[in-house]
Amino acid sequence: MAGNSFGQLFRITTFGESHGVAIGVIIDGCPAQLDIDLDFIQSELDKRKPGQSKITTQRKESDTVQILSGVFEGKSTGTPIALLIPNEDQRSKDYGHNVDVYRPSHADYVYDAKYGIRDHRGGGRSSARETAARVAAGAIAKLLLKQQEIEIFAHVTSVGKIDAPNLESNDLSALLQIREENIVRCADPATAHEMIEFIDSVRKDGDTVGGKISCIVKGCPAGLGEPVFDKLHADLGKAMLSINAVHGFEYGSGFAGSELLGSQHNDRPIPNPSPDGKGFITTTNFAGGILGGISNGMDITFKVAFKPVATIMHNQQTINAAGESAEIKGKGRHDPCVVPRAVVIVEAMAALVLADQFLRNKVSIL
Amino acid sequence: MAGNSFGQLFRITTFGESHGVAIGVIIDGCPAQLDIDLDFIQSELDKRKPGQSKITTQRKESDTVQILSGVFEGKSTGTPIALLIPNEDQRSKDYGHNVDVYRPSHADYVYDAKYGIRDHRGGGRSSARETAARVAAGAIAKLLLKQQEIEIFAHVTSVGKIDAPNLESNDLSALLQIREENIVRCADPATAHEMIEFIDSVRKDGDTVGGKISCIVKGCPAGLGEPVFDKLHADLGKAMLSINAVHGFEYGSGFAGSELLGSQHNDRPIPNPSPDGKGFITTTNFAGGILGGISNGMDITFKVAFKPVATIMHNQQTINAAGESAEIKGKGRHDPCVVPRAVVIVEAMAALVLADQFLRNKVSIL
Amino acid sequence: MAGNSFGQLFRITTFGESHGVAIGVIIDGCPAQLDIDLDFIQSELDKRKPGQSKITTQRKESDTVQILSGVFEGKSTGTPIALLIPNEDQRSKDYGHNVDVYRPSHADYVYDAKYGIRDHRGGGRSSARETAARVAAGAIAKLLLKQQEIEIFAHVTSVGKIDAPNLESNDLSALLQIREENIVRCADPATAHEMIEFIDSVRKDGDTVGGKISCIVKGCPAGLGEPVFDKLHADLGKAMLSINAVHGFEYGSGFAGSELLGSQHNDRPIPNPSPDGKGFITTTNFAGGILGGISNGMDITFKVAFKPVATIMHNQQTINAAGESAEIKGKGRHDPCVVPRAVVIVEAMAALVLADQFLRNKVSIL
Amino acid sequence: MAGNSFGQLFRITTFGESHGVAIGVIIDGCPAQLDIDLDFIQSELDKRKPGQSKITTQRKESDTVQILSGVFEGKSTGTPIALLIPNEDQRSKDYGHNVDVYRPSHADYVYDAKYGIRDHRGGGRSSARETAARVAAGAIAKLLLKQQEIEIFAHVTSVGKIDAPNLESNDLSALLQIREENIVRCADPATAHEMIEFIDSVRKDGDTVGGKISCIVKGCPAGLGEPVFDKLHADLGKAMLSINAVHGFEYGSGFAGSELLGSQHNDRPIPNPSPDGKGFITTTNFAGGILGGISNGMDITFKVAFKPVATIMHNQQTINAAGESAEIKGKGRHDPCVVPRAVVIVEAMAALVLADQFLRNKVSIL
């Protein structure tokens, strides 16, 4: 109940601090006989790892993942899969100056208030380093979903006030290729260029900037999600809001949808023109692929808002642990904008929710 | 795991369909010795009940709540508190025309897809009637929080494109009084008037409209919320997204915060000028009272977006259970806009999250 | 977490005190499309209800069950099934003399110690009346298992020092008929006669006596049970130990098995002589149908020990709430021996465990 | 839900196979500020490790534990504590002969039946090697309990038909010293000698033998345990039954208690003669320190029965994966009797239950 687990049937528990020995995750409930592709897991981690471009932190971590259990001859056995990622670049001394000073908009104070003790080396458990464990577990969830032909694609659609246009293509593989060709991970090359320039200028100012990530899920069958509390979008929302720096979540029509009339917002179902006539199609998709908390078979769409990173290279007024006025200047190596590295975290968390709800749906009917 | 429970230590499980015998809720984990004020629970339900004004559904339900267990001589005993709300106005015949036709933007199709069976009388389990059980349970959570001097206040801040100005007062009791003096439950009387006029015109058109509810929590101590997955705002987000018709959630700076620079967004802590110097104060509150998922003692603020009600009195194209084209016209008695009745649901869900995290925090330190 | 729920996927939550308005249960996770036979549920309750013979309490309760939700046109819908059993014979005044005196071997003191408040009318939540809710829920679990051709049969095999011989028949339907022909529910008529005589003499002495119940499960497929903590026999053990008055649980060879050598205890597998050769057969069944916590397809066998009922009609020394010496004499209407009425409770709890593990097993492999 | 976690608030999740890279455990919910004594954790593991005497397996594992997270400067921080125990002596080749043959009374067949895949190297996940992770986690639970002055002591009270007399001393530290002076871990030296001789003779015959372990808990305050399903003895029972080879559990009067009359079995409370008069004392303790599932402050007592180890050095008839008759002869290095090494496992599981219920009890009252 201490909140380090996520999911019910496909359930992960993460551990580790930013400057400890290692971080890791146990997946309990991965069904037996899934092909576990270690290279794929590593390639996902590579998309999140620090030091990958000029617009990410220059901290160096190879984030090499090891499988400790639950996999035999390349397949899941039904027993817990433990994944370990040793920490390499633990320059704790960079953080010595923070021991007694509460960094503005960081979690330093609240950890002290809650626990009366705090691992002050770089954020400890509150560091976004923990999300590497999620990405590793999410990669296995993606492998499970891939087998079901469910695809997830996220990309950066806003940096500060720069917004990408709506996607024109429906081909997620093609979009993925475009996305990975630029370091900001926006599927629109022109906007990507603009975003990169802006982040770079912010970085040079010692400042940071927020952004937004949009996600689309294709191939999800109807029926995923539980009524009432564990609605599919409620689980997705919790998953996204649990990512460091996220301040908002919306799906389908989102906040803008609340300004519409019902006659504008209702998605009209039409007969499915495919030969077998199976499957649910609507002329519009304000619902974002989810009705009453349950997937309807249309594309699932949602958007996630990230605040700017709190660590800036400016002098800032704050207080110390004694409650006295103090000044702090950011040091260390931090991201000017988290969204390029967060794209794969958003996908991982979405995969974890979908894998969990996929399994839960298996027992909803005799 | 079928998703009808919410919370870990202060845990509720709801049951019931819109047109069944009754709905209800079991609260498991309410600590012993809490004064249970049945009148207060009923007064909360009265704020949610149908038929309370011209801008809500005219369906009639007294929503009279009974306590079946867990309370002895006016106090909680530590055993499960069961609350029952009999259904009175079950005009199932109103719904006979919907048996084989999927209402646009309703959950009819997905229930069939998931379960292969559906209680088609008025939405069954997907009906927002289920939220009455949440309001009853939330009232008990509020009693627990009140004892801790934690106050929750929500009100309608948008209807369609009509937005209320920011609150000027900090006195939640006064705001509550203003809010309850108008039927739309907006704490700004002028905006309330405009909203009511607009909803009434929408209603006359047989249409519906969406809106937004803002919520503020005062008096919450630092330390509530668990790191990583069960962050306080992640639990609040899931709670809100589990309410019928909600399409978006943001806290603190929210979506707008993602457009800012770190130097603009960081909240600077200042020494607490109070005599004892205890407590955390920042000059701004973009954090919405939550850092790293844990309350910091400042006001907690969040906003919830509701889509327009799907049932409209217009002819709409749709399909039937056989997948063929069909036409449907809304009948029955429905809300033109849910936000006036949803204010107390938002408060109830917030209270459930806070009561749960309050108890969880009791075991975070020896 | 307050311990009023049982099961993971087929999950029940019970509520209610012995002298409150009603008791009841919510089943969350019953799959859709199960035929819900209300008469069967009632007939199960009738086997547990008080006043059914001279060797049970003479308290009168019809224990009439109502379905409040989750069932539509005779079938489960996948939504929570709420079952309500109103309390009828609430002679609270019988208990007025117990308010301040702790009855020996009852839970009075510990409820006061834990909660600082106690519903002192007849045991409140600690009363075995709560088990009626389990029997009602267990009846639905039995319906699910019946569909899978899994049968459960329990009967009384010991009362005090009177032990029944081992079962000679394998035909559970025939055994059930024999069992129900005597009021002590032992499947051996001669032993049953002896047991009844003994219980009746104990009753006349104002005393009570303990006993044992044995249970056999036939038709359970291989694969039910989870490795490590949620082993099938560990879940069965917890289920049985959660029943009022149970002091011991053993399965397969049980306590006696611990005296054997491995060469005596090992069950040798043999080729299955059936035409398809499928299924696991061993020459002996010391394993009780469970290996490594997982069912192997052989009969599952276990035994449960019940202590004598604490309420006796003798003068007993005890203490009052002030810690002073006091004397108490049992009044009211109590069972001289619980096992005749507990047979159906043992079956119900076994059914709940098996239904849960049946569903859990559905997601153990892709 | 795949059953690799145990506990609610003090919650552990274990992972690892007998012949994989490592085994380990995550403790989620250990309160902050507990002193974590790594030497104590290691000393507990040393009591369970193989190769410690002539009557245990000669397999060599140092079972050296590492702390990966959750501890800072010697204290728990409130974040997950991950403990890793690398596997050293992985002679998988010893098991090559078992790939296609189902060992009698082992879990080989049921893992194949459940998962369709099996890590056949020495039992994989079904191996008792997993219990090393429990002992490590249990050591931390013991540290928490020690701070509360709750002591746990288990020892071997039966090997085969050799039974130890009842304990004469109440001094658990003294008993612990006696227990650790003999390799069978019986607190009665004369019986210990007899047991060791017997196990050694059994070992020379290539056979194995079962036994029993008794446990006593002193200093447990009244109030631990939740009513209804999570009764203290139900949780203890599940914990013990989840240990490899356990076939039975009883507490207090146990199975023998079911033969008694109520007038014999009732424990009479007497006024507490201590100066403050606080605390509950009964003249007898058939209740085993637990009433209605809740601790009453008296000693908690329970007993656990272990079947003989299935691996014997004899020729045994069995079947292979094709269902054909086959013969197997045990090889490798196995225990002739598990109870000497299981004593510390029983204590660890008891500690985990008590630590969990201790935390749960903290939220039972306002």
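Per-chain numbering from 1; labels A, B, C and D assigned in written order.
In this text, contacts are C-beta pairs under 8 Å (C-beta built on N, C-alpha and C of every residue); 3 or more make two chains touch, one makes a residue touch a chain.
Owing to the predicted nature of the structure, the values given are computational and were not obtained by experimental measurement.
Q: Report which of A-C and B-C is connected by more C-beta pairs in contact.
A: The greater number of contacts lies at B-C.
Q: Same interface as C-D shows up in which of A-D, B-D or A-B, over half of contact pairs matched?
A: A-B
Q: Cα centroid separation between chain A and chain C, in whole Å?
A: That gives a centre separation of 46 Å.
Q: Calculate how many whole Å lie between the centre of chain A and the centre of chain B, each centre taken as the average of the chain's C-alpha atoms.
A: Here chain A and chain B have centroids separated by 26 Å.
Q: Per the centroid of Cα atoms for each chain, what is the distance between chain B and chain C, given in Å?
A: The computed centroid separation for chain B versus chain C comes out at 39 Å.
Q: Would you mind listing the residues of chain B that make contact with two or more other chains?
A: Residues 1-5, 8-9, 14, 29, 32-33, 78-79, 114-116, 125, 227, 363-365.
Q: Which residues of chain A touch chain C in their complex?
A: Per the touch definition, chain A meets chain C at residues 1, 9, 29, 31-34, 78-79, 144, 147, 227, 359, 362-366.
Q: State the interface residues of chain B toward chain C in the complex, per the touch definition above.
A: 1-5, 8-9, 11, 13-17, 20-24, 26, 28-29, 32-33, 66-70, 72, 75, 77-82, 84, 114-119, 124-125
Q: Along chain D, where are the residues that touch chain C in the complex?
A: Checking each residue of chain D against chain C gives 1-6, 8-9, 14, 102, 104-107, 109-111, 113-116, 125-126, 130, 158, 160-161, 202, 207-212, 222-223, 225-231, 233-235, 237-238, 241-242, 244, 247-255, 257-272, 277-278, 280, 282, 286-288, 291-297, 305-312, 314, 316-319, 323-325, 360-361, 363-365.
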